[in-house]
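Read from first to last, the chains carry the letters A, B and C; within each, the first residue is number 1.
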Amino acid sequence: MDFRQKRKLVEAIAFFIIRSSAVIICLALAIMLGFLFVKGYRAINWTFLTQPPMDAMTRGGIFPAIVGTFYLTLGAILVAFPLGVASAIYLNEYAIEGRMVRTIRLGINNLAGVPSVVFGLFGLGLFVVFLGFGSSILSGSLTLGFLILPVIIGASEEALKAVPQTYREASLALGGTKWQTIYRVVLPAALPGILTGSILGIGRAAGETAPIMFTAAAFYTSKLPSSIFDEVMALPYHIYVLATAGTHIEETRHLQYGTALVLIALVLGVNLVAIIMRTRMRRKQTY
Amino acid sequence: MNRAQKRRIGEYLIEKWFLFLATISIIVLALIVAFLFKEGIPIFKSVSVGDFLFGQLWYPTDEPADFGILPLIVGSLIVTAVSSMIAVPLGVLSAIYISEIARPSVKEILKPVVELLAALPSVVIGFFGMVVMAPFLQKVFDIPTGLNIVNASIMLAMMAVPTISSLTEDALHAVRRELREASLALGATQWETISRVVVPASLSGACTAVILGMSRAIGETMVVLMVAGGAAAIPESIFDSVRPMPASIAAEMGEAPFRSDHYYALFATGIVLFFMTLGFNLIADYISHKYKQVGTATL
Amino acid sequence: MSNKMKMATKNMTFHYGAFKALDDITLEFRENQVTALIGPSGCGKSTFLRSLNRMNDIIPAARVEGQVLLDGEDVYGPNVDVVEIRKRVGMVFQKPNPFPKTIFNDVAYGLRIKGIKNRGELQARVEASLKAAAIWDEVKDRLNESALSLSGGQQQRLCIARALAIEPEVVLMDEPASALDPIATQKIEELIRELKKSYTIIIVTHNMQQAARISNITAFFYMGRLIEVDKTETIFTKPSLKQTEDYITGRFG
């Protein structure tokens, strides 16, 4: 075998290994989704989606958990969206690179890296205990809101960066003030991108368990919340409870698979919407 | 006061308001530290810092209780290490595939796959580990329980791979095309170009990606809570059960009496966990700034 | 040069950080005249133009010394409102840069941020500006379509209309035709000749024939310095400096 053949062979082997890694990742996703779908889809029917759990959670549905996850996610986005977009506006439109900006960015990066269970402890210490909100939608939403804040900031910054500088120049040259320029030109142009990114934040908030364990999630409640100070059931926590803490773990397996499937459909659905929106936007973008 | 002055004051106030909102991330980070310490420090009235960090016994509900979190720390480190062995090659190689080798049509499928993997809720991955992977491992290796280090590491790797892969891909993407062309024009094969030019040029980005992926693994809660088995002892084999720090906090906080020693000890464990991940993140931040890729200057 | 002086710079020097981009520029601009700024790439002519309406303020490390006068008042004076200056000194950029809005809203933008809300007034002024920019006939039936649907030349005339809508006194043009085809360029040049009846126009151009065709005064910049300024026909027929002649005859740059 001459030198040239050897180089070819090395390349072929290397590419085979690299390709395999991509295949493994695809397989992992497919296997996971496949198992959950095959085992879970029979559990899902109208009763399952619209009824509360019954008979010590061995029968019935997951309606309160769906409602709870909806409220918690809505609350989280109400907290994170304004703060996240505002932070991104400051960083991208006003700030001049320097120590202040560097510190803020470091703060955001590290906030993004805080483990979710530590967020749970933080929410417990600050909202539940110190501020006296108790274990409630309010405490859970605030905790989740701060958890997804870095996601929203990142997405918004990227969207603002994609707005051509010429738009800003044109507005300033017409006698627009900085704020007029941001509010009337930059934000409208960046809005689709900001919304897409925020959808990813919604998906993240809906799927998190550890942050709401001590701050919002109820083991079981059949009634729907009547105020933001009520505890709620939530889909991720419900899966955990059914799978680990029930007295009939084996008998409720199909309910566990069903709940997992609903949660996955929700989260992946949200993500797919964001991915599709983004692809469309990239094609449409004329700048 | 005339209109121009009013406007200027308005603009000034708007800018300062946005500055304030932008600092909220830092404020939240500070509050996290403050409340971890507020609720965690009291444990050190009962246990010394040394005994807490290096004590080998974690029996928080015994009389008298033992609050040594060394088994929890070891548990965290070992699942992180083993999961890295799986996640780093998978993440980096898949990034190379997506960035350098895959055709555009394949790329358009693979990137969403990685993103969807990243989007899977941790509780679902944990659930999968419990009900599918654990019985599988138990049967294949003929071991008493499938809820162990190996299982937790595989599941954690699934969570770290997307982080590592997408960040590494960004780093590879940043390598200028001229550099690749220069190498190919010299008669190098595509693999030689990738392994000797492209990867070295994006090494700092890839390192950052790996560290952030490990940071994600060490802080991940639901997977280790559901899959690692929960034994608070220093393991002797990779088929032993462990109880990493996040699992311990999540499992016990619900049962620990409010402001008991146990409660304080769990917050103190949170402090350790927080600073470990903070350390990882600061290292990643340092590497990415120190070796910031200016064009192609870092080979 | 009998017209009234509208703008002027006196010993103006401009720095980007440590780099001196413009050195001691003294130049006057008179009403109802077109002044062309010519010179090779990087000579500072665009920087100079952008200093006249303080567009360089958005560059953090930029610093201006000397004076830029508008009707005798220093544009960089301590009590001057930069927003007012930019309303009085309009600007048209090298590449057409319409907003991703409708044609109507694009032109109405400057009026709206001045606080004009009355629909009738907005309509009247948008129409007047589009007519002044010689694009009314082409867009009058599609005012609610996106400005981005127009051709490059139309977009540039739209940008001129947008600048004219807020009734500036001076119009700065930064190579306004360099991104356009010859026919669109010709339209812009006709428009500039028309506009000088009402405005003071200062235009940066790469194209020397263009400077010769449309301007009254031509200023030649080189390496951040003003080399020579004179009536356009003088500059192009008998420049007093050899450096100018070399550039104009294409011997360098």
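Just so it is clear, a residue touches a chain if its C-beta (ideal position, glycine included) is under 8 Å from a C-beta of that chain, and two chains touch if they have at least 3 such contacts.
Treat the numbers as computed from the prediction; the structure is a model and nothing was measured.
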Problem - Which of B-C and A-B has more C-beta pairs touching across its chains - result: A-B
Problem - Centre-most chain [mean C-alpha coordinates] - result: A
Problem - Approximate Å spacing (C-alpha centroids) for the pair chain A, chain C - result: 48
Fill in the blank from the handout: chain B to chain C, mean C-alpha position gap in Å, rounds to 54
Exercise for the section: Quick one: report the Å distance separating chain A from chain B, using the average Cα coordinate of each chain. Expected result: 16
Problem - Two or more partner chains touched - positions in chain C - result: 83-84
Handout entry: Where chain A touches two or more other chains at once, by residue number
Key = 177
Handout entry: Multi-partner residues of chain B (at least 2 other chains)
Key = 7
Practice task
Provide the residue numbers of chain B that touch chain C in the complex, in ascending order.
Solution key: 4, 7-8
Fill in the blank from the handout: Note: in the complex, chain C contacts chain B through residues 81, 83-84
Practice task
Using the touch definition up top, name the residues of chain A that touch chain B in the complex.
Solution key: 7-8, 10-11, 14-15, 17-19, 21-22, 24-26, 28-29, 32, 35-36, 82-83, 86-87, 89-91, 94-95, 100, 103-104, 106-111, 113-122, 124-126, 129-130, 146, 149-150, 153, 177-179, 200, 203-204, 206-210, 213-214, 236-237, 239-240, 243-244, 253, 256-257, 260, 263-264, 267-268, 271-272, 275
Practice task
Spell out the part of chain C that touches chain A in their complex, as residue ranges.
Solution key: 53, 55, 58, 60, 83-84, 86-87, 90-91, 93, 95, 97-100, 109-110, 112-114, 148, 159, 162-163, 166
Handout entry: chain C-touching residues of chain A, taken from the complex the two chains share
Key = 96-97, 164, 166-177, 180, 184-185, 188-189, 286-287
